[in-house]
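The two complexes that follow have chain A in common; it is paired with chain B in the first and with chain C in the second.
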Partner chain A sequence: MNNNKKTVAVIFGGRSAEHDISIITAHTPIIESLLASGNFDVVPIYITKDGSWYSESAMNNIAYFRGEYAERLVTQKKVHLLFDNGLKLIWPGFRQKIVSIDVVFPAMHGTYGEDGSLMGLLRMANVPFVGCDIFASAVAMDKVLTKQVISAEGVPVVPYVWFTRSDWENEQTIWRDAISKLHWPLFVKPVHLGSSIGIAKVKNEKELEQAIEVAFHYDNKALVEESIENLIEVTLPIMGNDELRLAEIERPMNKSEFFDFNDKYISGNKKSGGVNNQYSEIPANINRDLVEKVKEFGKKTYRVLGCEGIARIDFLIDSQSKNVYVNEVNTLPGSLYHHNWRKAGVSGVELVTKLITLAFKRFERDQNTTYTFSSDILRKVGGPKKN
Partner chain B sequence: MKRFFSRYHPRFIRSLVYMLQASEYNVRDYVAWLSRVEDFTLVEKRRHIVITKKARILLVTASACLFVFYGAASAMLFLFEFPKGIILFSAIILFSPIILQYAILVPLVLFQVFVQRPITRQKIKRARQKLEKHPAIKIGIAGSFGKTSMREILKTVLTEGKKVAAPGGSHNTPLGIAAFVDTLKGDEEVLIFELGEYYPGDITALCKMIDPDIGIITGVNEAHLEKFGDLHTTAKTIFELADYLGHRPLYVNSDNEEVKKFASKDHILYGRDGVDHLAVENPHTDLSGTSFVLTQELVHIKVQTKLLGLHHIGALSAAADIGIRLGLTVEEIARGLAKTAPFDHRLEPKIDQSGVITLDDSYNGNPDGVAAVIDFLASLSGKRRFYVTPGLVEMGARKEEVHREIGKRLAFAGIEKVILVRNSVTQYIEKGLRENNFQGEVLWYNDALAAFTALPYLTVKGDVVLLQNDWTDQYA
Partner chain C sequence: MKSIVNNLAVEYEDHGSGSVMLFLHGWKDTLHTFDGLSEVFSRTHRVIALDLPGFGKSELPKSSWGLDEYVEIVWAFSEKLGISVDVIVGHSFGGRIAIKGLSQGQLRAHKVVLIASAGIAQTHTARSLFFSLVAKIGKWSTFIPPLCFWRKTLRKKLYALTGSDYMHAGRLKETFLRVVREDLSEQARKISIPALLLWGAEDTETPVADGKKFAELIHNSNLKIFSDAGHFVHQEKTTEVIAAIKEFIQS
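Then we have the complex of A and B:
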């Protein structure tokens, strides 16, 4: 029996296009691994699509979210948060219950979660949390910002053009001109969305126009970039704060032209209970030089963005020129890519336990950083003017 | 307290009928289970009641009984003055569930005595008559463990040169065998029977029905010890086969210490060293299978099987020898042995997408089988090994000793992770581990389901997971 159990709050769902994926990630592997270890009390916190917070232990079972759970929630009381030198959860009412949270495990993909918003809240609450902090999360959420930051540090990225909705509406000719200088075919992407939502490959002007329209349906900022022909797509999950541990380089063996939402989450998800792995080659069968480049750029990207805990770096490789480009960074890989970690020798239990240890280490480090200092400036405000 | 009050739960009658059904309507097993139940609302864990005709009749009868009890209780209030009336009323209400749990046996026993047994006797008689006329060589296999493995190996080997038939599954009771005999066409050359032993006299009764030409005794150990009381009685029951056979050939497993005590010089011993005149050379086993050479002056059989573990060598050798006895060629025997492979839930290897190798040994629940499997695990180097078990059932008075021994073996084998399911016996495995300076990790789960759910999160590529034994509800 373990009497020293830490209380972990797993936060999932949320106001995001990836709300449902987040529920899967939270359970497979996070909650199930935490419970399997026997070392944690798990408090599931579910945020609805409209932003309401609920928590009950039955939510630890993913079965709760099959069927009409939204109707069940209407009768539930919302959980309240208290920032009291740490995070406390309050279930109000006649028999009010308060639970103190030792560490938070964010499992929210996309907006309000993976984009750094949730991390900001948790920093305010002064509670340790797993994964990347607000800064890395916010940059990685913006595909353009990511390219700008890492290319400034010498990490190769595919040539691209970006613009906002008003840029496109007001100065279309300038942007069309810039786009025409890229090497076609092109990819059009909304800048902030994950899970390949709203992404299209275009071969001509007509397709380009439609794709941009779709991208602006999801986002205010769009990215148009060259597509790599003779493409090998690979991805590399990385874990750590200062010392990094790499998982296996994984090559999604997608059937469609690019790795879209269906490939990632639906077609490969029947048996594995997590993100796509039946269509993956782990480790990717690429030559040693490419492996070394992927590892080098992976680690560099992770450090340049200031990632901590866990992240996954996606790469595009031109199999003829052997050029390797970093495509994007995911600060909360779907299902933590635990299928890959398992092949790299890290079990689900070891993965979540290590991530929680990393969260505590970062918290401890940050506690030793001084954010305030004493000054007498307030006393002087409004005082007699000195000559 | 829970035990007492759960009898008043509306589910109580359903639970009683389920317990009867899960005990295969064996009165002794049902009564023994009754004494162990802590909460009558929670007996259906692994399986659920199947509403058969028999179950429905029992449900209706038991409900009617309870109705009569409550009627009688109410009548007391009217028939007798206060306080006698209320005392009798309370007493009947209080005791009615306890009476009911035994009263439910009355229609069952009546049915068994007056309907089922005469029919069974008739069926067995018909089967015996059919077998008497059947020209096939009959082989009877008795033993506390290893009967099904022996049957499957023999069947696979002998099929290479003969037309062989054997009851499938675990049909080793007179009724199961009678049903099988019904399906015989008459042109079979070899019939193989498992002889199930539950109580003294069982083997003799089956021998009289089958009249075997060749016998095999696979071993004696603590399996079903709760029914036999002691190992001596178990051994005597199993050796009823030897008594019946007289001078006909009887193969006896010399790897098993208990059996060796009873074996005589007339018996043919088989084991890891070989059988009779066939010697074993160069034995080797790993996750891909087992290999060895069977040699005699003129015979040289190279054996390669997918069965895992050196403990199979004895049975494979015995099958080869029986093959020779029945006139199979050396080539046919070698071909047959090469076709032997793990069968369902008996050290059956499976590899999943993540590269985790699971050895499903959930039908192996006897101490000798467990020892053999731990030996096999010990021989696997460079792998992280998980041993998952709820322990063994029906070990009677030797419960603690047997499980501590398992712990000791696991510690000596250097197993990395031992996953135990919380129940009345696994604490002794942990004790055995601790007493023998176990260096690995012990993980506890409240039930088998929780352990199975946790496994994918504990394992990585290359790990070997052994699932040892499975408990059904009546042992929980």
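Then we have the complex of A and C:
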């Protein structure tokens, strides 16, 4: 590999309902933009749905994942990780190969990746990585925690009730009573899943019961929240560590009752790179007051949660009352929302290059933070008893 | 919307009111294959269509399934919804489920509509014997160089020639093999409720000969063949198919 280039490991796939979407994000725009820049050697790392790690250069081409790739992987050796004041990859065998990774670009959605798990691993490895750190990632993955944290800092959220599976099984009357006080129709959601998986809009008790059963099929914690009348949904991608740069406010013009997995990822055209922009309005045609509120709450939410690198904030707007609510935060927007960034004047190459620069800056800052200190406490432990 | 049935998330649509029509789609298809039909029948009936596990928005079975597991999930789904089915409409693989379920009394209905139903095993035709022989020779000969380099391509070509869904079955390959192995001639013979059999004359997946065989096997049946239509006759001749089903239901 060329020594002048930084070696970037792009990690994707994983034990998540959004496994396949992660493969798309990794390739479009991340890997293709990193390669197009000519400044990086890209090492693709693919994690299977059962958690095995593989890496081979052919994985840099998304075509690898279109066929029966599971059959090909059976013949491959799993890649090993070494934490040696940085991250090294080892391909074991007679002709063992070791590659040092300069920076990691996580491209994982959902559980065991975007939820902070991968970030924890990378912190332990002491390697720079792109995007939000463990804390923001873990909070943002929990829709209830997100609401609790940002509303405590004055960011408006829609009224909601949350409970665990055992809460529901053991104290159903209490929770039904709490839910009945919300303004119907309601949304029922598993708390941790992304891409609208397992979400249902319910109009009556029977639908509520069924939707809660579905939510608990996917999660141990469920959220029931009010739906917004005269709804306008918008989303705002944001980039930065301390200085924030906003992309355009985007309005998904969804055909279904809410912006579901299908609208986001499946119904889009090929050029959209996996994320549907066919039904998006960029920038959203909303009045100036609403634009200002969205930007203000977006930046505040980003800071309160401690987001860094990139994130996308989703909003619900009541077009009559002009109330703006933050709905949820996505710490790895599907395909980085590069279609939106492009409209905001940031090309795919600029986007990934900037995110890698931000990763190095945060790493440098953290290296200068003192995490250990000298003490003589161990010398005092287990000494002779003093009368 | 979704319902949890036997610990699997099953997507379904439930429109209209009145006596229940349950729609079962074909292999690698979804409940939306019946959109043209359900739009019309939901004006007079309660129309329920589900994505069978592994297809559409329903979850993939956690292990390889056979036909019995699909019958079981359709039964469990009906129980969960608390419905008493008046008419079952099954297309292709959905027809298999209907035949097996009705014959063993696990699924109940007053009438059944089988559209290009699968279920007649092709094991004894000269064509399938020929392809079976080619497959066996091919399997062993392609271990030898240089044929081994083209093994995958040759395999794909063979399956394409046979018109098999096997290569496209993905994670359901094992399930596909288990399902297609089962010949339902004996089960079809046990069906005693009125049956309407609808076939496209140009069907190459489940040829008209299968429809004629089912018509012989199912005592109380009526076969209608639509010219210039193939395996998806309900989509190709929607108006005519609706008219035929209406007449059948009202008779």
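Operating definition for what follows: the second predicted complex is superposed on the first by the 379 of 387 C-alpha atoms of A that agree within 3 Å, B and C clash if a C-alpha of one lies under 4 Å from a C-alpha of the other, contacts with A are read in each partner's own complex, and residues count from 1 in each chain.
In the analysis below, a residue touches a chain if its C-beta (ideal position, glycine included) is under 8 Å from a C-beta of that chain, and two chains touch if they have at least 3 such contacts.
Since the model is a prediction, treat every value here as computed from it, not as a measurement.
Student: Looking at chain A, does chain B or chain C touch a larger number of its residues?
Tutor: With both complexes superposed on chain A, more residues of chain A are touched by B.
Student: Considering only the touch criterion stated at the top, classify A:G198 as touching first (chain B), second (chain C), both, or neither.
Tutor: It touches chain C, and chain B stays clear.
Student: Give one of first, second, both or neither to describe whether A:A284 is in contact with chain B, with chain C, with both, or with none.
Tutor: In the superposition, A:A284 touches no partner, neither chain B nor chain C.
Student: Now for A:K343: first (chain B), second (chain C), both, or neither, which partner does it touch?
Tutor: The answer is first: A:K343 touches chain B but not chain C.
Student: Under the stated touch criterion, which partner chain does A:L35 make contact with: chain B (first), chain C (second), both, or neither?
Tutor: Once the two structures are laid over each other on A, A:L35 reaches chain B alone.
Student: Is A:Q210 contacted by the first partner chain B, the second partner chain C, both or neither?
Tutor: second
Student: Show which residues of chain C lie in contact with chain A when the two form their complex.
Tutor: Checking each residue of chain C against chain A gives 1-4, 7, 9, 57.
Student: Touching residues of chain A toward chain B in the complex: what are they?
Tutor: Touching chain B: residues 1, 29, 32-33, 35-38, 271-272, 277-278, 338-339, 341-350 of chain A.
Student: Going by the contact rule at the top, pick out the chain B residues touching chain A in the complex.
Tutor: Contact set of chain B toward chain A: 353-356, 443-445, 453-462.
Student: State the interface residues of chain A toward chain C in the complex, per the touch definition above.
Tutor: Against chain C, chain A makes touches at 198, 200, 207, 210-211, 213-214, 217-218, 262.
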